[in-house]
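Quick heads-up: structures coming right below.
Look for chain A in each of the two complexes below; its partner is chain B in the first and chain C in the second.
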Partner chain A sequence: MSSTLTGLKALLQGDLGFSISSRRPVIDLIMARIGPTAMLASSAIILSILISVPLGILAAVKPNSARDYVSTGISLLFASTPNFFAALVLIYIFAVNLRILPSGGMFDSSGQRTLLIQLRHMVLPALVLSFQQIGGWVRYMRSSMLDVMQEDYIRTAKAKGLKRGMVIMKHGVKNSLIPVVTVIGMSIPSLVGGAVVTEQVFSWPGIGSLMVQSIGSRDYPVIMGITVLISVTVLLCNLIVDMIYGLLDPRISYN
Partner chain B sequence: MDNNGGKDESYFLDALRKFLNHKPAFAGVCVLILEILCVVLLPIILTLDPYTSNPAAFGAAPAPGHFLGTDSIGRDIFARVVYGGRTSLLVGLLSTLIAMCLGTPLGLLAGYYRGWVEAGIMRLADIFMSFPSMVLILVMVAVVGPSVWSVTIIIGVLGWTQFARLIHGSVLSVREKEYVESARAIGTPDFVIMIKYVLANCFAPILIAATFMTANAIILESSLSFLGMGVQPPQASWGNLLFDAQSLTVLSRRPWQWVPPGFMLVLTVLSINFIGDGVRSALDPKIRL
Partner chain C sequence: MRKCIALILAAAMLTGLLAGCAADGATAGTGEKVITMAMTNPWDTMMPLNTNSNYGRVIYDQLYDRLTMNQADGSFAPRLAKSWEVSEDSTAVTFRLVENAKWHDGTPFTSADVVFSFQLYSNPGVEALSRYLLQYIDGVDASGAEISDKSIAVEALDDYTVVITMKSPMYYETLLNDLNNVFMIPKHIFEGKTPEELNAPTLWENPVGTGAFRFASKIDGERMEFTANEDYFQGAPKIDRLVVRIIPTANLLAGLISGEIDILAGGGLGAILLDDWGMAKEQNNLITESIPTQSYQMLIINTQKPYMTERARQAFSMAINRDVLVNSLLQGEGVSIVTPISPISPYYNPAVEVWFDPDLAKQILEEENFPFDQELVFLVPTGNTTRERAAVLIQQDFQRIGANVRIQSVDFPTLMNDMREELHDFGVIGSGGSLDPSESRQMINPDSTVNFSRLTDYTLSDLALEGTSALTFETRVPYFNLYQELMRDTAAIVYLFTTNSLMAYNNRLTGINAANFNVLDWSAWKWDIN
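Take a look at the complex of A and B:
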């Protein structure tokens, strides 16, 4: 019991102990890996938004049309494809056959460490990581948009003679994005889980691959440290999402 | 369900008709039934052997003897995909069953009793859900040791939150219904009300959660096995058949080794998701148009 308390006290002071295999402080190991993971995860989020929001709008503007079925079908296919299989297929196509993108790592063997090289290495992992989110987000965007399009203010906008595109973009999309913010927040745990697998396949030097390595070598202090860090991050993200939600929709207050 | 049999039946028949009219869902059911039949019967009919290696064919391309080729140590890929299907489907269904048996009663209790019972159970669910499931499962597997059973149990036990949350939500509305109130008024014991009236009317969310969970569990198991933390070789699962494809040589030179299990995974999960879609639109009155 007392060792648990000492451990908790040390944790609050940022001391996560030492790695068994490398004898280095856990906090240093984690800090070295945070950058790449943050970069990968944030580009995956941006990519998923860029792909899923238009697909969702496209589906909702004309429900039960061919367009709707195609976009829902694509989103279901994405949601049903395990991360690692999507990764293997993309590596097979773009790295092995077309040879236009690297198959893994963060920098190439030339020794140069420019942002451009790093971005080129990030295309495939970020794409894979976004696939899994796209599935859910498209469907959510679609249903949220369908709800909003039934609202009175949309009818008002149409009645006052606003152009259809204007009604959809200014009144429809803007309002249907609000609940999507929550979904984005809720996807962060699954994004982190996906990052573990994706980083491992692409040997991306982030938290996820550190996690898999540490589990392989039974390096419990590192495993514990990463788990604590991930849970704190997820909780923080949830808090931020709640706050953003309050800002976007003033009807929700925190009294 | 005994006194209003006629009305119930029409509801279920109606739902069933709606479900079967949902073409993707119907296709999903067909694919899944076919898969289960193959996985159960093929090993008996064809006497497949997924473990013995053929020294004459290491990493051989598809040919009449091995219709999907062989892996690096000469085992027949087709046999391994069939046996892998057994493992993957079993883990998916069993862990869903475990999650259902844990989550349903908890969600029911939380929704029915409200108060501190609800607060306790639902806050516990929130705590579980704040950990990314993949990370939590990885950590637990690392502690317990990877095997089919540990993976099934861990995925199942951690899956209770999905059932509890969906059922809790639907119990909240069912418990306010007149028939529950009248049952309470004539002095029916709580657990009889819960099972006979409340649970029976929470059929839809349970089924929806079950399809969602099965799809998820199959993906989780395969991801774990792919990382080498799930089903251990020589036992086959769709995930660990893809393990070898982490090496670039296997990935680029022997696509027959990793494409079939991956394809089966996507096909299965997609079918289950289609079924879930069909179930949702057939049973959920809110989406019923």
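Take a look at the complex of A and C:
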């Protein structure tokens, strides 16, 4: 009991103990990896939003049309393709056959560490990470948009003579984003801690690959430290999502 | 809507731009000669004395040096020691050091550094997982820790001569074998530091060694970069920079084909998967080498089961068609064995032939009144597909002679535990092996924690010990010949096959001796690019 309390006290002071294999403070190991993970996760989230939101809208605006089926098909394909498989297929196509993108790592061996080189190395892992998200998010966006488009205020907007595009973008999309924001917010922790497979396959030096390496070397303090980090991320993301609700829907207030 | 489409198009264009630029691989760009080597796991620490991991030794080999280097053929090559001789009574080895070696900061390397390094390794206050490597040296205990302050028997006779005295007369190559992992540390940098200061990982983050490469930069878990040490005493490296990258096994071949990786670290540190071997051999830009190793797989038999008599065990050993295992399962990239001493060892005894005779095996089991209706438990650890497939083939071989075998897949810790509790009839595991019986003896020593066949007889273990205590190669050979004979006939452990290390590197590279990678000698300063 007393050791648990000591551990909790140390945790509150940011002391996660020492790694068994490298003897370095766990917090240092995590801090060294959090940058690459944050970079990869944010690119993946932006990419996912850029692809899934328009696809969801396209599908919802004309339900049961050809483009709805295409969008549904794409989301089904993305959602049901395992990360490691998508990663290997992309590596095979872009790195081995076409040789236009690197198969992994954060930089090449040229000795230069420029943003452009780093972005090049991020294309494939970010794509793979976004695939899983896109699959789900397109479906959420579509169904949320379908619900909203049947609301009275949409009919009112149309009756007032607003242009179709205006109705969809200004009244439809903004309101249908509320449930989607929840889903996106809740996906962030999985991108931070759960990009294990993607980071490992692409040798991306982030939290996910640190997790795999620590499990491989049975480095329990590091594994526990990462678990704590993921838990904190979940709580933080919940808080942020709740705050964004207020921005999207003024009826939701915390006063 | 248009904005969304524009955004998607912009993203696509950016992707295209990124893809288009600087598409070439490792050695292009600045005109420098750069070689990229890949291994599958990162180094654990930058402190060369505090590791048991060979991934770490890949990078230490570039930065630091050792006195002598193990070679794949069992011989030793000079490094910081240009020559060495053993005393007549086999209790001391005198090393003559090279006189032109310098640390990366320009300070000359002398015998004082050697003495200091051994004192540092043996200082119990300093965290040094490699300390056990000093166990044979006088003045330290069984763990390699000094008995009193600086008591380790490593003395400088002059600036370039060092004598290491052993606890008792012994075969000096056993000592050299262990010194293969003892890296020399600069006295002028670390002298006067307290153990607490020495144990701080940050102290080791800017390494100063005598090695062929200087530390340039690192990204934890991703890479370490080195620049050539122009003043290297063996001659300046032929390349400008060396990059060691961490790449998962599944991507090694893709990296080699695309040119992002030039060479693998080899052995268990980074090699082509057997399933990828065919594709690797077809690549025009790669040189592939299948290198025989002493790593092997073995079938453990629980000798404590009443029906597992010596003759019954021999029958099971005879029932296994090792040729099928090697030729079909390993695609020929391995060697059938029946003892732990592989054909690459100078101690290999060709008179102990691999046996295969299922008819005789069946006959023996019948003569031994073997309980054919008894279900035999065969523990197979998960994770190594080749081993798992081998287990199925062995099960079929055993069924052919009438035995009723059930495979039970378990994770490795469970396997170890179950075998210690004698829950198994058979179990299959692998080992790195050694050229002499020093490694295999652990598995048949009744006092050992890895005596999974639960042998209670000391004959084999004592024989191995007697052999390793003999002082010359010639006097050891008769013991080891008999050891191999008895190991096959006792059949407490049934040796199956050695596996080759499947190496590949870019065909523009020259000066590569891939066989030595298995004994942790990369000699990267000899590498060049055509």
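Going forward, the second predicted complex is superposed on the first by the 247 of 255 C-alpha atoms of A that agree within 3 Å, B and C clash if a C-alpha of one lies under 4 Å from a C-alpha of the other, contacts with A are read in each partner's own complex, and residues count from 1 in each chain.
Going forward, a contact is a pair of C-beta atoms (placed from the backbone, for glycine too) under 8 Å apart; a residue touches a chain by one contact, two chains touch by 3 or more.
Just so we're clear, the structure is a prediction, and the values are computed from it rather than from any experiment.
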Practice prompt. Identify whether chain B and chain C fit side by side or clash on chain A in the overlaid structures.
Written response: clash
Discussion item. According to the stated criteria, A:M169 is in contact with first (chain B), second (chain C), both, or neither; which is it?
Written reply: second
Worksheet item: Is A:S103 touching the first partner chain B, the second partner chain C, both, or neither of them?
Response: both
Worksheet item: Of the partners chain B and chain C, which touch A:Q200 in the superposed model: first, second, both, neither?
Response: both
Discussion item. According to the stated criteria, A:R120 is in contact with first (chain B), second (chain C), both, or neither; which is it?
Written reply: second
Discussion item. Just checking: does A:Q13 make contact with chain B only, chain C only, both, or neither of them? Give me first, second, both or neither.
Written reply: neither
Discussion item. Output check: A:Y92 vs chain B and chain C. Expected answer is one of first, second, both, neither. What do you get?
Written reply: both
Practice prompt. Would you check which partner chain A:Q150 touches, where first means chain B only, second means chain C only, and both and neither mean what they say?
Written response: neither
Worksheet entry | Larger contact residue set on chain A - chain B or chain C | C
Item to complete: Could you tell me if A:T4 is touching chain B, chain C, both of them or neither one (first, second, both, neither)?
Response: neither
Practice prompt. Would you tell me the residues on chain A in contact with chain B in one complex that are also in contact with chain C in the other?
Written response: 88, 91-92, 96, 103, 200-201, 216
Discussion item. Going by the contact rule set out above, which residues of chain A touch chain B in the complex?
Written reply: 76-77, 79-85, 88-89, 91-92, 96, 103, 189-190, 192-194, 196-197, 200-201, 211-212, 215-216, 218, 223, 226-227, 230-231, 234-235, 238
Fill in: Touching residues on chain A, where the partner in the complex is chain C
21-24, 29, 32-33, 47, 50-51, 53-54, 57, 88, 91-92, 94-96, 99-112, 116-117, 119-120, 123, 165, 168-169, 200-205, 209-210, 213, 216-217
Worksheet item: Touching chain A in the complex: which residues of chain B?
Response: 129-136, 138-139, 141-142, 215, 219, 222-223, 226-229, 239, 242, 245-246, 248, 251-252, 255, 258, 262, 265-266, 269-270, 272-274, 277
Worksheet item: What does chain C use to touch chain A in their complex?
Response: 1, 4-5, 7-8, 11, 15, 18-23, 25-30, 32, 34, 36, 41-42, 44-45, 47, 50, 53, 127, 199, 201, 219-223, 225, 241, 243, 245-248, 250-251, 254-255, 257-260
